[in-house]
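Look at the two complexes coming up: chain A is in both, with chain B in one and chain C in the other.
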Partner chain A sequence: MTKHVVIAGGGVAGIEAAGALADLGQTVTIIEKETAAGGHVKRWHALFPDRRPAEEVKKYLSHRLKNKNITVINNTSVNRIRHHGHSLTVETSAGDNINADAVIVATGFDLFDAARKEEYGYGIYNNVITAPELEDMFNNDALVTRDGRKPSRIGFVHCVGSRDEKVCNHYCSKVCCVTAVKQAIEVREKLPDCEVFCFYMDMRMFGPYYEELYREAQEVHNINFIRGKVSEASNTINGRIAVKVEDTLAGRPLKMELDVLVLMTGMEMSRSGARLAETSGLTTGKNRFLSVTDNHIHSNRSNMHGVFYAGACTAPMNITDTISHARAAVMETVNYLSKL
Partner chain B sequence: MSQGEANRFGFTINKSRLINYDKGDQRVRNYITEREPSFRLCFSCGSCTATCTAGSHTTINLRRINVLIRRGDLDPIRDEVTRCMLCGKCYLTCPRGVNTRNVLALAAEAMKMRERNEL
Partner chain C sequence: MQPEGKKRIWAEYQKSVPEDHFFYVRSCIRQSFFPGSEQAFLKIMRNDLGKDVFEDPRHTTCTGIGYHGDVVPFETIQTVVARQFSLATEAGYKNIAISCVTSFGIYTEILETWKHFPETLNTARENLYKATGRVFDLPESISHASDIIYKFKDEIAAKAKYRLVDITTGKPLKVVEHIGCHYAKMFPKHGIGGAEFPHVLVGMIESWGGDIVDYPERRHCCGFGFRQYLVQANRGYSLSSSRKKFESMEPYQPDMIVTNCPGCGMFLDRWQYVIKDIEGVTYGKDGEGIPSLTYEEMAGLVMGYDPWELGLQYHNVQALPLLRKMGIEADPDKRFLAKDGTRLPEPANLINC
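Let's turn to the complex of A and B:
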């Protein structure tokens, strides 16, 4: 018998879960807070590690939504999930109460607000930008400084808002290292005369072909890797960015001037997800992401009967893992529905 | 104030330990990279330094030499590069396949040329 599943969030996880459920004949409603579904990847130009056009994944996702069993409600968020007899009621920001047999929470992540790391000067110096802003430049084919100059040196700061107790994010956001390596290569290809520097604490190349991309960055593209966390950035008299870092492999402080500084902002629990957790009594961990009942075996289960998790609402995740996690959430959900 | 008192309060002038990348000398790095491209592959694991026979008895540290050449900060390693005995154990242990022996030979060569203003 057809059941109705509500999915909170129409990003990669929400869309994949909806598509998989619809394939199995279930009726799905996605509640999306933005003007359209698609998630963070909408802004991206190319994806690691193979640097395929992001457009391919975006096309897959929009195709996934074209199923008569799926309804998407945009500009709306889920305010609260509560039990209602044997089913669930989902209260939306539009004031509707939607009945559901099960709910998948796929509220994803928010990008860390780079202005919170004031020492890097984001929002103060024009040529301090974030990784998504560099993707915008790739999309617009306009890799120039804010005053229209061709940059001769670009630096990437890893771990901005990640592994940093001072902003209450002690965890690693996982995807920033490999994103920096990907973007560094793209810069070198577009501007062969531009020197590129990555300032890192550890290079966390955890996925298949990530380490190979790092090696390619060194061998083919001659990208400079300096181990040390940038302590501060400042404006020079000629409008460049001066950075201070300890070159921890040399055991000495180092300074240099750059034309553009790119901040690899990490992932945080989304504000909408945090609000939903609070109103609905979903437990969260020390990292503020949603807690699953078993990290190894039940990474889609919540503390609430009939509510399952998909994607980066549980922890920072790349697209590959998000899609797998969403499919696993669908299996858990279908199992649950079959016992109703 | 006597010299001793000045020292006690740290009022002496020391040479800056800062690496100023903008003023670095990239000639030795370029000389090596053009002739031995595997030089770029080092990721500073330190296995070369751990296995180095000469390193047990002198200050030679290939991992550090690689870093400082890339930063263009050459004065601290001027004497170090000549201490290698070319035994090649570092080449065997390097996980990235850097031709370490050739890197050191080229580094010593380039450093000499630099002294003679021939680089």
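Let's turn to the complex of A and C:
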């Protein structure tokens, strides 16, 4: 018998879960807070590690949504989930109460607000940008400074808002290192005369072919990797960005001028997810992401009967892991539905 | 530069500064470095703004220099600060106004320690009572004196006789502001504007007509750093820190430097003299030095106080070019006249003379 599943969030996890459920004959309603489903990848130009065009994954996700069993409600968020007998009721920001046999929470992540790291001057100095803003430049084929100059030197700051006690984010956001490597290579390909520097704490190349990409960045593209965090960024009289770094391998302080400083902003629990957790009684961890009932064998289960998790609402994830996690959430959900 | 970004940060770091009734604690070194500054603060507060500012002659050094020089233990300095609070309690004052940035850092560090480790507050109370028989209430507010001038900057602007404007060009003076490290770098929430883009001096300068110079080494320490200077062998480090700042600000051709910290004001002045003496190098326009003033001296000039009453002649870099730009008439020959008209010894090799 066909069951109805509501999915909170129409990003990569939400779409993949919806597609898999619809393939199995369930009816699905996605509730998406933005004007269109698609998630953060909508803004991306190319993906690590193989640098395939992001458009290919976007097309796949778009195709996933074309199943007749899927309804997408945009510009709406889930305010609360509550039990209603054996089923669940999902209250939306539009004031609707939608009945569901099960709910998958796929509220994803918010990007860390780079302005909180005041020492980098994001939002103050013109050419301090974030990684997604660099993707915008790639998409628009406009890799130039704010005043239209071709950059001759670009720096990437890793771990902005990740592994940082000062902003209460102790965790690693996982994808920033490899994203910086990918973007650094793209910069070198588009601007062969541009020097590129990556300022890192540790290079966490955890996925398949990530280490190879890192090696390629050094050996083929001559990208400079400096182990040390940028302590501060300032404006120079000619509009460049002066940075101070401690090169911890050389054991000496370093100061240089850059045309563009790219901040690799990490992931944080989404505000919409945090609100939903609070109103619905879903437990969260020390990292403020949603807590699963077992980190190893039940990484999709919540503390609420009939509510499952998919994707980066539980922890930072790349697209590959997000899709796998969403599919696992579908398996858990279908098992649950079969017992109703 | 996107000014709205700075405004967003400033809005996040606003602190509550009381309207009136301050217990003023002086600095142990500022009266030697800048002999007219604390007096100017008191005159502005009492005479121009009509505020109640109380001083107790029994107030002592906070021992901050000894603490940062590793010769005064933390327990001792807590007891000294507890004694200052007991003087305020005895006088019936709850708002502490602190002249020195080092002291301000000490007071905030101790209050934060007492807040997070209440047992240390009990120990400080015990130690003070055993040593002196005194007791104290915790203050309701802690303000650096520059916080207070910042609060009343618009009232001062309304009464101002001069503005931070070059009368020959009509353009705002270009001002380098330098904030003492211990003002907000330890506890950004206690500083107006926070640690990275402090607004405390920026607000005064802009309110009085000047423009800010945001140069690459703006946040760098002046070099005082206690052990850098107090240990004679380390003084080269102190000098090189200031030199780094001068070289960074030089292309902007600033008209003056303004500080809110004793060490910073002293060394950003003194090291210009030393560098000129050793290397023959100056950093201002047309071979001049860059006058380094305290915010009280700047406020006093704006209010029309006599520059020699403010003690500007006791800086190594003389403020004469700045006075000319602001349209302030002051006879250089009267710089070193005592109250009774006798001529005081004149320091040699002053800059901008």
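A few points about this structure:
We take it that the second predicted complex is superposed on the first by the 340 of 340 C-alpha atoms of A that agree within 3 Å, B and C clash if a C-alpha of one lies under 4 Å from a C-alpha of the other, contacts with A are read in each partner's own complex, and residues count from 1 in each chain.
Assume a contact is a pair of C-beta atoms (placed from the backbone, for glycine too) under 8 Å apart; a residue touches a chain by one contact, two chains touch by 3 or more.
In this text, all values refer to a predicted model and were calculated from it rather than measured experimentally.
Contact with chain B, but none with chain C, is seen for A:Gln218 once the two complexes are overlaid on the shared chain.
Look at A:Ile124: by the touch rule set out above, it reaches chain C but stays clear of chain B. When the two structures are aligned on the shared chain, A:Asp247 is found in touch with chain B, with no touch to chain C.
By the touch criterion defined above, A:Met256 lies against chain B but remains apart from chain C after alignment on the C-alpha atoms of chain A.
Of the two partner chains, chain C is the only one touched by A:Ala115; chain B is not.
Contacts of A:Glu232 after superposition on the shared chain: chain C is touched, whereas chain B is not. When the two complexes are laid over each other on chain A, chain A has no residue in contact with both chain B and chain C. For chain B in complex with chain A, the residues that touch the partner chain are 17-22, 33, 37-38, 40-41, 43-44, 63-64, 67-68, 70-71, 73, 96. On the side of chain A, the complex with chain C involves touching residues 115, 118-119, 121-126, 232, 234-237, 242.
The touching residues of chain A, counted against chain B in their complex, run 203, 214-215, 218-219, 222, 224-225, 227, 247, 249-250, 252-257.
Partner chain A is touched in their complex by these residues of chain C: 1-2, 4-6, 8-9, 194-197, 214-219, 251-252.
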